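Here the chain labels run A, B, C and D in written order, and each chain numbers its own residues starting at 1.
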Amino acid sequence: MLSYFIKRVLAFIPTLIAASMLIFLFIHLIPGDPAAVLLGDTATPEDIAALTRELGLDEPIWRQYIHWFGGVIQGDLGQSLFFKTPVLSVIADGAETSLLLALMTMTWIVIFGVPIGILSATHHGTWIDQLTSGFAIFFASIPTFWLGLYLILFFAVGLGWFPSSGFPSISDDGGWRNLRYLLLPSLTLAAPNAALIIRLVRSSMLDVAKEDHVRTAKAKGLSPAKIAIKHVFRNALIAVAAAFGFTFAALISEAVVTETVFSLPGVGRLVVQSILRRDYPVIQGVILIIVLLYLSINLIVDLAYGWLDPRVSLQ
Amino acid sequence: MIDAIKNRAISIRRVFAGRKVAALGAIWLCIVLVAAVFAPWVAPFDPLEIDPVARLTEPGAPYLFGTDHFGRDTFSRALHGARMAILIGVGSVLIALILGGLVGMLSAYFTKLGHVLMRAVDVLMAFPALLLALVLMTLLERSVANTIIVIGLVYAATTSRILFGMTLKLKNDVFIDAARCSGAGHFSLLFRHILPNLLSPLLVQATFIFAFAQLQAAALDFLGLGLPPEVPSWGNMLSEERIYITRAPWLLLFPGLLIIFSVFSVNLVGDAMRDSLDPRFKDDIAGV
Amino acid sequence: MALLEVENLEIAVAGQSEWLPVVEDCSFSVDNNQTLGIVGESGCGKSLTAMAIMGLLEQSQVNITNGKIWLDGENLLDMSAGDRRRIMGDTMSMIFQEPMTSLNPVYRIGDQIVEALRQHRKMTSAEYRTRALQLLEMVNIPDFQQRINSYPHQLSGGQRQRVMIAMALSCDPKLLIADEPTTALDVTVQNEVLELMLDLQRRTGTAIILISHDMGVIAQTCDEVAVMYRGRIIESSTTAGLFANVLHPYTRGLLNSIPAIDSETEWLDAIPGRVPMLEEKLSGCAFHPRCSYSQPKCADTLPAALSIGESHLVRCHFAGELEL
Amino acid sequence: MSEPLLDVQGLKVYFSNPATRLFSAHDAIKAVDGVSFQIAPGEVLSLVGESGCGKTTVGRVLTRLEKATAGRVSFSGHDMLDMSQHEFRPLRRHIQMIFQDPFASLNPRLTIEQTLQEPLMIHKLAHNRAEARRLVVDMLEKVGMGADVLGRFPHEFSGGQRQRIGIARAMIVKPQLIIADEPVSALDVSIQAQVLNLLKRLQAESGVAMLFISHDLAVVRHISNRIAVMHEGRIVELAQKTRLFEQPEHDYTQRLLKAIPRIPTSLGA
């Protein structure tokens, strides 16, 4: 188990470094001069040249990268051109919203995805299966922003049950009740991803159900429900866990859109706004953090995989 | 055993036998295709023609789907949008499959090359799909070609990993050893023995990429980083009119439903095809 | 009445457009302390027969269309699914061909061995553990004290099959069905596993049905033999009786096809042709197209089961008349 | 014994153990651990042993599907292991292989004709399609199949028929050595007998030498001239077949022979 763990971590670090190089390179290939953007329309060429030198933008790109990455390691992601504050604090401002949104969404995904997936698999071939599978594929086919817009139209604008946009921090007035701001966004975000989990649980369970050891379990006289949970679902979890990283990536992607639709002050919207504002240090920083998070999730998934499947960790 | 020896080619009859909904999906896709091809002749209005008098008209005659806030005919724009949908779908699928397919196959076949290439793919895969597309789009100008290239590249990474896995499995098949003993060279092994056995799973993968590409392109349009705003695509129609949703709720309904029906149909067809695949490759396919 | 009596069993599988018969008019019985061998080539219906007795047929694909299966005087086919499950793993149990895949990879073998016991007998956890250890010791697993905590992939093929046997015996079944239990094993291991099964039978009196394609295994292990071809038992007898006096041309052909281990011949006397596919409709005796003694009558009429001597049944029009 | 066609000396094949690769690079699985034998032209030598004894790996090294760790293999005077892929090409034709699993050894996407034509074209034994087809049909006839199978795909055939096609593919280039890796163990008894007869007849007619790899001692006794018993990567006993069966010397051989279930020979036969 330990060597499996170390192997995974060792594979993680070079990927992260390479990804950081790629991010840095991308951002520097973007047309437009950051110094000019920073100083605005009234700047003279001399001012721009001075600032370029000051920001170190005239140095070779690899030196700029080392300088930047050196800062990153010490927790310094640079200064936002737009907010004129440290990038890290800009990101931290959006973190609460995004993390709460992600947690709520994951809750929906598990609550809806897993039981419906099991139901679909255990009723394989019946109308229940066809109906749930059909709905799952349908929900995975809806553009998130479209679903969000109509949810706002019906439940916020029409019925007035929920707020339509924004999210005051839970430390503000209202406290935890402020979570109702996240209800529609999290449901919007959960819909396509829960659909994926339903499909995944279903197909993995159907695969496991064909394996010989399930027949052994039947021959022991176990009830169908016991077989479905203890033998089929338990083993299917291995495949589900392995695909969890993929789901998380889809979640991040769709969070960018969802936060924009619901005007949530989260990290996802920050990405889009920073791109539109050409706030390079923030784009760089946010993407690096997201990649770090995504790779960490994948690492955790790998470890969970080793824990769920004794064949992986105990060679 | 009998199952394992059946020829694994995808036949239309087997795919749609007993799957009426998937067959309906296929029919819908044909309609979209016809609309795309004949849009300029079928559309009752010029999709770009502005008519300030007819702004935000409700659906009915002569504006079947109503008009937008410029007074442009939504139905005509939707027909031309089908063109964009097909163009983006087919274009990104081709890029993803050809580029990703080659990288994946060669990486699995030539182990040392694979070590390098697949590490590079790992790095690309460290970015969630839409995020990678966003960053790439920022680098490039907003245009149809660039959107296709970016979406194609994003899914090329996924495809290469899938093909890598499938080729690895096939590479260890006995018939590959047998071909090697017959004296077959690398080229023949790759393109005569391995590739034809991957065509069916590739076709299934293509349908799912097609579906993902639609949603991805719509999301990019929505964020203002996809197709140029003047291009009549379903995504742009949604993006431009979204502030009028309270005044004219139907405005977003039609383009939205068109996207949903098309993506749903492609997913259904892909799902039906996946069921008739070689079970070994089923798990490799990334889709709904 | 014997412990298990199978009467006119008929099984059909779902074909392209219709149900195809795979087992027809199959009758046999087996009693305590007895081992019945069912032998035949792939597709002859021997495994399906075993699965039908055990109750493991996949209803949508395979159907029992006729017949009765009496266990202890009760017809299993009349029982509800729940009643059936109370017998499965308790009164009768099964060992499968693939020891590599027949165990669940994510549970420790100790837990898997007593799973049937947990289902059918109420005991304390300490008692379950004691029983698991006892069973592992009984099937000669080395270091069973440690092995009880192993996962299946940590065991060799032979050891896994021993675990399967321990599992099948956990509730002291009256009937044990072993479907090709040694086919995936090496000869030396095969020998040990077969010895183990017979040894356990001597101690517990369990009735055993051994399904195999290997005449040698059957000859060495069983008291009685039934030879199946294309869904029917074409010859059955005591083992000694069968090998002393082979009456069906197919049984003879099968025996002649096996190269001898203790002598040398230039050519094997192979049966021509191949086993007909399920979809192929055959009239008369199913073996007639491959039979060198075939007469016009063989293609027309299905031979009835002729009783020759004591407990020797043959389905051949010319049983006893041929120089085999 | 005449000049050997194949001379294997001290062959070793080690695989690195993936489970321990991270910390100890030297921990290797010794699949084949110093194996030496010779095969004369036209001779049938069998490698017999239980699963994991390394017999299959020996066969795969001789067809260069696997790399050897150490040792020398000379095939009609050529040192085979040191050759580059390119230098080996002309020899490849003369060392052909028959595989165990008839369901996996034929490319499901190629017709029987395409499969059988491939080696002819590669080794330039036929110069056009018509000539190739004639040779393919001749070969098919030798394995008991007709020209009607040319355009059909592998899934249309039973295991026995596929194995005949596999044999045809190996024999069609007129090799000097055939490596048959468990060629009949996936087949039913009655089909196994047919294929064994076929192999024996083709071998006798063409005079090709054969390395017959099997776990089945009865089959091995039937087909070979000499037999090598492998155990844990080494050959523990190598003798003329009758001698090996009548007077087995090594402990392991004796154990193996004792373990085989015997069929009582009836009086009727």
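Going forward, contacts are C-beta pairs under 8 Å (C-beta built on N, C-alpha and C of every residue); 3 or more make two chains touch, one makes a residue touch a chain.
Quantities reported herein were computed from a predicted structural model and do not represent experimental measurements.
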{"item": "Chain hops separating chain B from chain A, counting only touching neighbours", "value": "1"}
{"item": "Chain located farthest away, centre of chain B as origin (C-alpha)", "value": "C"}
{"item": "Which of C-D and A-C has more C-beta pairs touching across its chains", "value": "C-D"}
{"item": "Chain ID, smallest distance between chain and overall C-alpha centroids", "value": "B"}
{"item": "Mean-CA-position distance for chain D and chain C (Å)", "value": "32"}
{"item": "Chain centre separation (chain B, chain C; CA means) in Å", "value": "51"}
{"item": "Residues of chain D engaged with two or more neighbouring chains", "value": "none"}
{"item": "Contacts with 2+ other chains: residues of chain A", "value": "none"}
{"item": "Two or more partner chains touched - positions in chain C", "value": "42"}
{"item": "Residues of chain D defined as touching chain B within the complex", "value": "60, 63, 65, 89, 92-93, 95-97, 99-101, 103-110, 118-119, 122-123, 153-155, 166, 169-170, 173"}
{"item": "Chain C residues within the chain A interface of the complex", "value": "54, 56, 60, 85-90, 93-94, 96, 98, 101-106, 115-116, 119-120, 151, 153-154, 164, 167"}
{"item": "Touching residues on chain D, where the partner in the complex is chain C", "value": "50-51, 158, 160-161, 188-194, 196-197, 200, 215, 217-219, 221-222, 241-242, 245, 255-257, 259-269"}
{"item": "Residues of chain B defined as touching chain A within the complex", "value": "21, 119-120, 122-124, 126-131, 134-136, 138-139, 211, 215, 218-219, 222-225, 235, 238, 242, 245-246, 249, 252, 256, 259-260, 263-264, 267-268, 271, 282-283, 286, 288"}
{"item": "Touch list for chain C against partner chain D, complex", "value": "41-42, 157, 186-188, 190-191, 194, 213-217, 219-221, 240, 243-246, 252-262, 264-265, 267-272, 274-275, 323-324"}
